[in-house]
Amino acid sequence: MTSPLLSVHDLRVSFFTEAGPARAVDGVSFTVHAGETVALVGESGCGKTLTALSLLRLMPTGARLAPTSRVEFDGADILTMPERALRSLRGDRIAMIFQEPMTALNPVLTVGDQVAEVVRVHTALSGRDAWTRAVDMLALVGIPDAAARAQQYPHELSGGMRQRVMIAMALILEPALVIADEPTTALDVTIQAQILELLRAMRERSGMALLLITHDLGVVAEMASRVLVMYAGEVVEESPVELLFSAPGHPYTEGLLAAVPTLDTSRERLRTIPGTVPPPTDWPAGCRFRERCAHAWDRCASDAPPLVQLGPAHRVRCHLVQEPERRRT
Amino acid sequence: MSARRRTLVPLLALACFVVLALGAPWLAPAPPNAIPADGLIQSLPPTVEHPFGTDPLGRDVLSRMLHGARVSLSVAFLSVALASLVGTTYGAAAGWIGGRVDALCMRLLDVALAVPRLLVLLLMSALWGTLPLHTLVLLLGLTGWYDVARLVRSDVRGLRERDFVLAARATGVREARILWRHVVPHVWPTLVVTATLGVANTIALEAGLSFLGLGVQPPDASWGTILRDGQLPGGARWWLTVFPGAALVLAVLTCNALGDALRESFAPRQVAA
Amino acid sequence: MTAQTTSVAPLLDVRNLTKHFPVRAGWFRAPTQVIRAVDGVSFTVADGETLALVGESGSGKTTAGRAILRLIEPTSGQVHFGGRDVRALNAASLRALRREMQIVFQDPYGSLNPRLTVGAAIREGLLVHQLAEGAAAEQRVRALLDEVGLRAEYATRYPHEFSGGQRQRIGIARALAVEPRFIVCDEPVSALDVSVQAQVVNLLRDLQRDRGLAYLFIAHDLAVVAHMADRVAVMYLGRIVELAPRAALFATPRMPYTQALLSAVPVPEPGRVRRRILLAGDPPSPANPPSGCVFHPRCSHPDRDAMCANVIPALEEKAPAHWVACHKVPAAAPPSLPSTLA
Amino acid sequence: MWAASTLVFVLLRLAPGDPYAMRFEGLPLPRATIEARRAQRGLDDPMPVQYARWLGNIVRGELGWSEQHQRPVRDVIADLLPRTALLMGLALVTSLSLGMWLGAWQGTRAGSFGDQVATTSTLVLYSLPEFWLALLLLQLFVQTLGWLPATGMVSAMHEILPFGERVRDRLEHLVLPWLALSLVGVSVFARFQRSSMRDAWREPFVRTARAKGVAERGVRWHAWRTALAPVIALAGLTLPALVGGAVFVERIFAWPGMGNATVSAVNARDYDLVTAAVLLSSAVTVFGSLLADLVQRMVDPRVGS
């Protein structure tokens, strides 16, 4: 196996809140290889967005990184590199696509300007050449009449068009890694299909690696080759995509898959996971999923389960791996 | 400073002002308009007997300031109360009814805003000759409600579209009750903040008018008239500028600080809502 | 022309419901343009039935739901509820009718007054309709909280102390307080996480079973609709383009738009090869809808022609209980297009 | 504008009595003379006629006769207005540029020690009534320290000074009124720019700019561009307050401008001049807010669409 493009080791991000310290991301480790699509799945409050932001040191103010955390990209540690080196990486080698293109784009600048800015910041191209490249890129991501659209402001475009602008902005310098944080959540389903198709096409074209953060298991199934499931600040399962859907190893993954409504189910009750995700100031001791788990026994309350290798590229954080006889049916 | 203390400190300071003003007849060393019996009609710098000095008529400045506080504060409080009442009614009506009524109301407000407030007051005092105190309150109130109206109107307009207002209507709650239970409580923060900042503004404005000789009329004392006395011919009398001015600034500062602190303390709840 | 499915009079009968929003501009707010949010929509809801109204943003589904309750005054059309003409009611009778018709909102954060306790919010309906007072009202509030799966002592807390899922339960309890027969559920689970969403879907179904409620279930998520609805109406640009029983709609969608919509839903089954119909571009603006069939500029039907561009297709019963607004779908025949889900 | 002048007309009619009755009250003039003057000025005509004439006069630029100056009001204004415009213009430019700079600086580091110091300072400045600040400056720099000439726009010997000295003389007279007006103005704009910049600084597009690899300078520029529109809107709304401030400052420093003349006119019951001043300031306000609106549309494409 070649060395990974991105390697995250023991990422820990914490906050101080009124309710006490919050360990929002708590010991997350994973890798992304060149050209690979990895999905980071979880419900709101599980720490997936914060994980994504930390990879480029874009956490909100007040967030603290643990000194032991390491994020290596192409051999260099992002978390300790000087601001200048980091800036030359951002937008050029690693790009981000954000969830809400309405607020993630600057409302008072034309979209062409905002796409061209990436080129101007990272290359020696003149303003005019950068603009031309931006217009070409906007056309490439499927914006009709790109030269005219480039002169428009974000509020003059539809949600789908705005997300295409975000994608153009992220991909214009052909980065090696794109981090997409819920890129289709704010969009209608037919527009979502267009955007996913576009991301797939762009990935094939440029060979970029994609880290896709999402809560939608349908999107995961369609896009990713490998999946990381997060719960309460931790990765609870890591698995190749087919295996995850056919044989989930963690009770949370199982519950999540069962709770997803699908088009062709006959009208039977949805299975649910009881309760809600605990707040990050109040993770339970031992296994964090214990209180919502149907299989939990006393060991789950006392020992925090480690992430155990179950098969090739399949890791699960659950005591059931060692004591499968405890599983209740 | 914590948010709580930022509110509490100016609130206590304001309470001090009110107590001093209310207690003026008992706290003041001399009646405000008393000309000394020994016939010493001249302006003297501070002494032990007159800690803030005396004015050109030999009156004790401290006593006049304490009584002036009564006038300054009550003029400000009363006119802001009037302004809040008018502004809230106008703004709430425009925002709640909406449509053309709202558009017309806002255009009228634009017109009223086009004439600078101070000049309206100057014009009025030119026409009235001198303004009796109650007319001054009335004029300050009737020229001070535009901001309140604007802010209340935009709050109400926002609230009108909120789901919980729709939910109340869908439950069959009467409009009057919706306004009272679901809209008014949300307008309160805006109103309290604007009123507090309005008091600050009005105290300064009244002092300015009185300083020009167009507000509170002699022999009545207000901080502005004492400042004016300091400008009478006959050489520099710093104590007539510094002491009442300091009181004025402190009062304005207190209200502004309170307004800022209240706005900050209300803000998170509005975000959460 | 109505999509009548039962011979008995339906609980709710909506005919040609239309809502046009004037776009006002300038100093004196003169209307300059009209947004045709809902443009001649007809359907019925029977007692105890769930009709789902699905569509993408801008399709007018939320406006339709609110216009039925007269939370927005409809521009034209008829709405009959339990035999009464809703649009003809005066303010007092409308308030009385609202005991029977309720609404649950999408946004669990915006739909509860942050300054009222949960108990006060639920109690409000009891008080205005004089259903209970004092200790009796208190008792009812506790029972309602229990029914939606919340602890009775939550009544004294404020909305901000609850999670999104819990707030949505509170919103449901508030709607139930007046014991309605019919509830407009306006995207009640869209803002919720998957695991919580499943809980609320199940709760809504339990309540329907226990209380015999009828729902107008407004949603954009077709998968949720597949678990909730008896019949499904698909809206596009202010019109219903297809209306059919759930099984028929998901198994054999006929209108090309419905087919594209269904094919766009990501399915959590990796490796499954599906024929996806990608729609080009964005839906047009409801301020300026296309002539003829509103869908024709994006339609990929092989026989698309001038008729589609010029004549508005009527919603017709092309198969038993299966209503479609499309010139190219033949009546009462097997589906002309291969099913995308087959 | 038309509406504003109508409002002024209404205000005039609202006052008890009429200006002529008041002006001659107590003077040993025969009643008939007063009546004759009233008739001459058309004050006996019915209200609509008066209104039409009033409006007609304004449109033609006929602002009446200043009893105090014994000149047409138009001429008086022509003399005074440039001086006030100089003072107000300078003060506006200073307060806007300095205030926006300070506020933007604060907005990006809200809550820091520097921000708290600046916030407190601007709060205190904001709470200083202009006239008292002016009095204080006068007391300190003129009466106590004697660094600067007393009042007025030029000193008595201005005309016989050599050119260099003349410039110096003018500047020396300008500095205190300018300072008094600007200091308060800075605090107004700084307070507002701080909050709009702080809001912009929290917007997701700031993060996007960082993710693109834009340097902090550029990121600040991104935020500042969006924080600009509300401040410009405020600048338009602040004009009436600035006019008010100018009245006090001119009065105290005996700056021979419109503000000073207005107060004198009020005291002298020079009714046409006061009216003209009110109209003029309304015109400036209306013009200012129109201009602010225009600039706002230029810097923020969302406004008005």
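We just call them A, B, C and D in the order they show up, numbering each chain from 1.
As a working rule, contacts are C-beta pairs under 8 Å (C-beta built on N, C-alpha and C of every residue); 3 or more make two chains touch, one makes a residue touch a chain.
In this text the structure is predicted, and so the values were computed from the model without any measurement.
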Quick note, more Cb pairs in contact for B-C or A-C? It is A-C
Distance between the CA centroids of chain B and chain C (whole Å) is 51
Whole-angstrom distance, CA centroid of chain A to CA centroid of chain C, is 32
Cα centroid separation, chain A vs chain D, in Å, comes to 54
Between chain B and chain D, the Cα-mean centres are separated in Å by 21
Contacts with two or more other chains occur in chain B at residues 107
Among line, ring, star, complete and other, the chain touch graph is ring
Listed by label, touching pairs are A-C, A-D, B-C, B-D
Note: in the complex, chain D contacts chain A through residues 203-205, 207-215, 218, 222, 225-226, 228-229, 299-302, 305
Per the touch rule above, chain D residues touching chain B in the complex are 1, 3-4, 7-8, 11-12, 15-16, 19, 22, 123-124, 126-132, 135-136, 139, 143-144, 237, 239-241, 243-244, 247-248, 251, 262-263, 265-267, 269, 271, 274-275, 277-278, 281-282, 285-286, 289
In the complex, chain C touches chain A at residues 56-57, 163, 165-166, 193-199, 201-202, 205, 220-224, 226-227, 246, 250, 260-272, 276, 278-279, 281-282, 341
Listed in rising order, chain B residues that touch chain D in their complex are 107, 111-120, 122-129, 200, 204, 207-208, 211-214, 227, 230-231, 236, 238, 241-242, 245, 248-249, 252-253, 256-257, 260
Contacts from chain C onto chain B in the complex sit at residues 27-29, 66, 69, 71, 94-99, 101-103, 105-107, 110-116, 124-125, 128-129, 160, 171, 174, 177-178
